[in-house]
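Input: structures, listed below.
You will see subunit A twice below: alongside subunit B first, and alongside subunit C after that.
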Partner chain A sequence: MTRFIIRRLIGGVAVIWGIVTLVFIIGDALPINPARIIAGPNAPASVVRSIYNQLGLNRPLPQRYLSYLWQLLHGDLGQSYATNQNVSQALMQRLPFTLELVTLSVIGELLIGVSLAMIAAAHRRSFWDGAASVTALSGLMLPSFWLALVLLYILGYRWPIFPLGGVSSPSWVVLPAFTLAFTGAAYYTRIGRASLIEELSKDYVRTARSKGLKPSHVLYKHALRNALRPIVTMAGLDFATLMGGVLVIEQVFGIPGLGTLAWTAVLQNDLPMLEGVIIVIGVVIVIMTILTDFVYAWLDPRVIVRNTG
Partner chain B sequence: MVGNVAAGDTALLQVNDLHTDITTRQGVVHAVSGVSLCIDAGETVGLVGESGCGKTMTAMSLVRLLPGGAGITSGSIKLDGRDLVPLADSQIRSLRGSQISVVFQDPMTSLNPTMAIGHQISESFRLHRSASRRQARSRALEVLGLVGMPRPSERLGEYPHQLSGGMRQRAMIALALVCEPKLLIADEPTTALDATIQAQILELLDNLRQRLGMGMLLVTHDMGVIAGHADRVLVMYAGKIVESAPTEGIFADPRHRYTEALLKSVPSLDQDRSRRLSTIPGTPPDLSHPLRGCSFAPRCSFATDQCNESEPILDGETEAHRYACYHPRSTTAASVTEPASHKAGRSQRPTTLARESPPILSLASVSRRYPVGAGVFRRGSESIKAVSDVSLTVAQGETFGLVGESGCGKSTLGRLIVALERPDEGSVLINGTAFDALSKPQQRQRRRDVQLVFQDSYSAMNPKMRIGSIMRDPLRVQRVGSAAEQRARVTALLDSVGLPQRVTDRFPHELSGGQRQRVGFARALTLSPKLIVADEPVSALDVSVQAQIINLMQSLQSEFNLTYVIVSHDLSVVRYVADRIGVMYLGRLVEIGPSDAVYKHPAHPYTAGLLESIPIPRLQQGNAKQGSAIRGELPSAIHPPSGCPFRTRCPRAQDRCANEAPILRGFSSGHSAACHFPLIPVGASADDIGRTI
Partner chain C sequence: MSLTGAAVPAPDGTPSTPTRRAEARPVREALREVATRPAGVVGMVLTCIVVVAAIFAPVIAPHSPLYQFPDGLRANGSPVGPNATFLLGADALGRDEFSRLLWGLRETLAVSVTANIIAAVIGVAVGCLAGYYGGWLDAVLMRITEVLIAIPAILLAAFLAIVIRPSLATLILIVGGVSWFYLAKIVRAEVLSIRQREFVSAAKLYGAGSGTIIFIHVLRQVWSLVIVYTTLQLADTATFVSAMSFVGVGIQPPTPSLGDMIADGSHYLESIPRLAIVPGVALGLVVLGFNLLGDSLHDAMEKHA
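So, the complex of A and B:
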């Protein structure tokens, strides 16, 4: 087990290093002169040149790369070109909101999606199977911003249970997380239903039935755990996609998260800020991948044996 | 129709006129139609028949563990006098696992891979006896001990993949017996296991049945298993019981023509090898369109108009032995004269062939290793020697049989011969040249000469291709002939394997198992190979079909002058088809010789043990139950025992066996074995050896 963890961690660090390097190379290759952005469009060329030198951009590429890595190791992601804000601080202010939203959304997707999948698989080809699938698909077909606005109107304005926007109240996360969960749950229902139906046809399920267990118990205690693998894979990928993809929902609900930050940074050619967002999302994805592997190992005792002999 | 009336009132289980239908898109399949049976406490009743005859459906109907769309339509199932058919599902559930338990076929797939053994066993105890977690745990420990699991307390926390096949089946049996049921249904309990383990498990089931006084329904396709372990036998065909008799009666005096044919198509160890196996022509009927009259009539050579007109009822001269046949096998006639065709075939086969023709295949000290636990930190630190120092030769036109338990390396050796794998040491020579010594075009040519036939032809065929394309594929890949010539070749070969032309347009799933295996052989033959390696060619087939394929293999051999290497765990089949036999154990060749010599006078204790573990479909003297010949299980292949690998399970092992690995020594002409303390004297017939040298 220890070997399994160490190997996964080493792999994770290597991937992060790769991401960081790629971000540096792309940033360097972009036709953007940071000195011009800082100096403003009307500044004379000599000022731009002196800022350029101040930023150390006149040094050779390997030297700049090493000092970039060195700074990263100390958590220094540089200053925003647009606002002169410290990038690390800006990210740390916003990351908690996005993390909370994404985590709760994925948990919500799992709860809705897997419950519907269990209903569908348990009552295969009956009314309940159809009802569960239609419910899941309706979520998929609704545009998330539309659902968000409807929810805001009903539960924020007509019956003001939740705040209309912003993050001042602790219940800010409920509506945006539900919106994301409901619109994303259909995938989990589909994959979960197929996976559960496959597991339910296996011999060990017949053995479980031969013990006299109730169908619900067979589904819950025996089949579900074995059917979770593809669902866990999905959840890991989904977490990654949502980290970078919650922009619309953040905008609608006025949440100061990473999506909004990235969006502004792109509009302002604010390279350090954008790089910071990419690196943070990359690190979160790597951590999620490792966590997914641990969940696999927990779900299926054969995984560790296969990986470490 | 009341079966076994005499025992009717006192029986533990009394089934009367049971009908189970399966509703499918194609229509209603009458899987079980009118089955009556009874089982007393402490009695084993065997239910035997080919796949699709309804034996498993009958057994599963008893506990209502039926697939979707299936249900009991009429009849009664009385357990201790209480009818189970009208009970609600929840009432049936309370009986499952507590009163009636089931042991399933494949313990690997029948146990939950993600749940610890202890939990799986204790689950039903907690459910039915409302026991606490602790009580259930100690009960699980107790039953694991009862089923002979070594170190039971360690096993509680282990998962199925950590156990060997035999241990898993013991765990499965423990799971079934944890609540001490009155009736145990064993559905092909040993079909997925090796012969030596099979014997151990059957013996265990016998002992447990006696100790716990359970009734047991033993469902199997294997007449040998039935012969050694059942008190009474029911033979099923097309959803009906066609013969019911005490075990002695079935084997000494089978009356129904189907029972007779079934018994004849199993090759036995003392089978006359010059005779073709008798087969049952045709295939079992489609149960969605029941026939008028006897269901076996279309395949029966004794059928008359009466058989096609009305259905015979289950009856007989005595209450115990009943059969549903208008033209039963006569008791007085000593033996039915066999159709002449059965004697044709291979009688001209020269037995001395092996020594006269030049070897087509020769293996010299071949070894193949696989690394285990390969990874960043421990690459190549340990390895399994799948094949270890094997030398043998196979002559042109010969059939060589390779036998051994699963994991002994016999399939790896087969793959080495067809050059799907390369040896780590030693050489595999075909017609005197090794694969790697050839140039690329020559290697391509070599691929034509050596072909492979698989156990499961269905998974060895692309399901999206039609049979015609599947068979043409080798010709296309090797660019042999024009499209028309290729098609003509396919046509000719289909003829040779006895399949109609129209199968070229079919997909693999539309064919029966036997037809697919015929296609498997036809495909292997397209490139006119000299040597065919057949890996378990008949293991997946029913006995009647198995006999057809064996006969086909033999006629193809003489027609195309083929050399066969047949890899199989089924010793009776290998004994019948092979001229010479090699016995493998843990990657080593432990005995090799002409098949008659090896079977009649085995020199190695392992060979002798294997032969003893074969369930023989004959009556045992005094109805003695068969015992298991070889104790214990296959040791770890990563850390094989020192010296002789078999010493850990060998009854004759002494200190010398641990210190010194035995080498192959000659006993008689071409017969040698690697054992320090062989069962027959070395050089049994010295003059015979002298002649060969």
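So, the complex of A and C:
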């Protein structure tokens, strides 16, 4: 088990290093002059040149790369070109909003998805099975940003129950989280249903039923626990991908999270900010992937043998 | 995963529930089976409608999607509703919504399909190499894949869009470049299991070189899997392209695209909701069709014990 853990951790570090390097390479290869961006379009060439030297951009590539890595190790993500504030600070300000949104969205997905899966599996091949599947399907097919607009219009404007975007009141998270939860629940419904049906056909379920236990008791206490395994691992990865994917939803609802930060960075050619967001999200994803692997290995030890054998 | 309940491996190849599959059935037989299930039929019909509409858009569309009709707007400036000339009404600039829908479908699908073909080629190549040769090549390729997965696709696209003006070619390359990861992992898992089977050893006994072994035997086994996952992936790609167009880094106006139409329509939600709703529903039908078709193909291709 320890060998497995160490392997995964080393792999994780390697991936983070890969992300950081890839970001550096792309950032370096872009045909933009950061000094020009900072100085503004009207500054004279001498000012631009002095800023260029100040930023250390005249050093050779290996030196720049190493100092970049060194700064990262100290948690310094550089200064924004646009606002000249500390990138790490700006990220930390925005991170809580994105985290709250993503966490509640994943919880919502699980709630909706697993309930639908249980309904479908328990009443297999009957009307409720079809109804649950259709509900899940409708969530799947609607683009999340489209549903976001519709919900915002209906529940934010027509019948103003929820705020019209922004984070001014604590209920700001409801509409965006629900949008993401509804559109993402379908995957959990599908896997959950298949997994539950599989579990329900196993011997230990038959034993429990023949002991005289109520079918609902069997469902909740026994089959569900085992069937949740693939769902749990999916949730981990889902959390990670959602971190980057909420960009569009944050835009629609005007949430000051990492997504909108990245977007303004794009519009302002603010390279360090954008690089910072990508790196932070990348690190979160790697951490979640490793955690998910550990959880899965703990639940199903066969994985360890397969991966270190 | 499927709505009909078949068990399937998780995307990284680790079986979430054990597969009941011994061998994959050929595509033609699978299609016949798909036609017998209601979900499959709906999927096939939707996909056909969408594809035909997209291919024949220049022929079917009653008007040009770009031309702004003077009588598309009423005296007060608001667009006309559905009538004889404008089947779905006009948009805010007086253009025919129906023609724009058809052309938008065409553009979005063209980008998605091309990108997916590129993604399929890359995914199969990487998966085969990693699965067959194993060892350090496998480890390196999988780590690279993980690095690329960890960078959110839309941010990567935005990152590149800072200076590279998003043309159709760069868009296709970007979308293709971020859509091959799951396919690579799935192909790799499949190749890993095939590698151990007898006929690979048998072929080796015959003296076939390792290159021959890969291309002939492994690919034949794998390609039905590729078809299923590419179909499913098309749904995701179409949504992704639309999301990119929605925020402005995808298909550029005035070229019509579903995401762009939704973005335009979002400004008129209170007055003319149909402008945003119609392209959204259209995109939803595309996604639904590909999903149902892919799911049913997947179910049909598994040999039930």
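Basically, the second predicted complex is superposed on the first by the 262 of 309 C-alpha atoms of A that agree within 3 Å, B and C clash if a C-alpha of one lies under 4 Å from a C-alpha of the other, contacts with A are read in each partner's own complex, and residues count from 1 in each chain.
Simple rule for what comes next: a contact is a pair of C-beta atoms (placed from the backbone, for glycine too) under 8 Å apart; a residue touches a chain by one contact, two chains touch by 3 or more.
Note that the structure is a prediction, hence the values are computed from the model and not measured.
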First (subunit B), second (subunit C), both or neither touched by A:L95: neither
First, second, both or neither for A:A194, with subunit B first and subunit C second: second
Partner chain(s) touched by A:L116 [first = subunit B, second = subunit C, both, neither]: neither
Which superposed partner A:G282 touches (first subunit B, second subunit C, both, neither): second
Touched partner set for A:R209, first subunit B, second subunit C, both or neither: first
Which superposed partner A:A14 touches (first subunit B, second subunit C, both, neither): second
Touched partner set for A:M243, first subunit B, second subunit C, both or neither: second
Partner contacting more residues of subunit A (subunit B vs subunit C): C
First (subunit B), second (subunit C), both or neither touched by A:L151: neither
Common ground on subunit A, meaning residues reached by subunit C in one complex and by subunit B in the other: 124
Interface residues, subunit C side, partner subunit A - complex: 1-3, 5-8, 10, 14, 16-17, 143-144, 146-147, 149-156, 158-163, 239, 242-243, 246-247, 249, 262, 266, 269-270, 273, 276-277, 280, 283-285, 287-288, 291
In the complex with subunit B, residue positions of subunit A that touch it: 3, 7, 124, 202-204, 206-214, 222, 225-226, 299-302, 305, 307-309
Subunit A-facing residues of subunit B, complex: 63, 65, 68, 90, 93-98, 101-102, 104-106, 109-115, 123-124, 127-128, 159, 161-162, 172, 175-176, 372-378, 382
Footprint of subunit C on subunit A - complex, ascending: 11, 14-15, 18-19, 22-23, 26, 30-32, 124, 133, 136-137, 140-146, 149-150, 153, 157, 187, 190-191, 193-195, 197-198, 229-230, 233-234, 240-241, 243-245, 247-248, 251-252, 262-263, 266, 269, 271, 274, 277-278, 281-282, 285-286, 289, 296, 303, 306
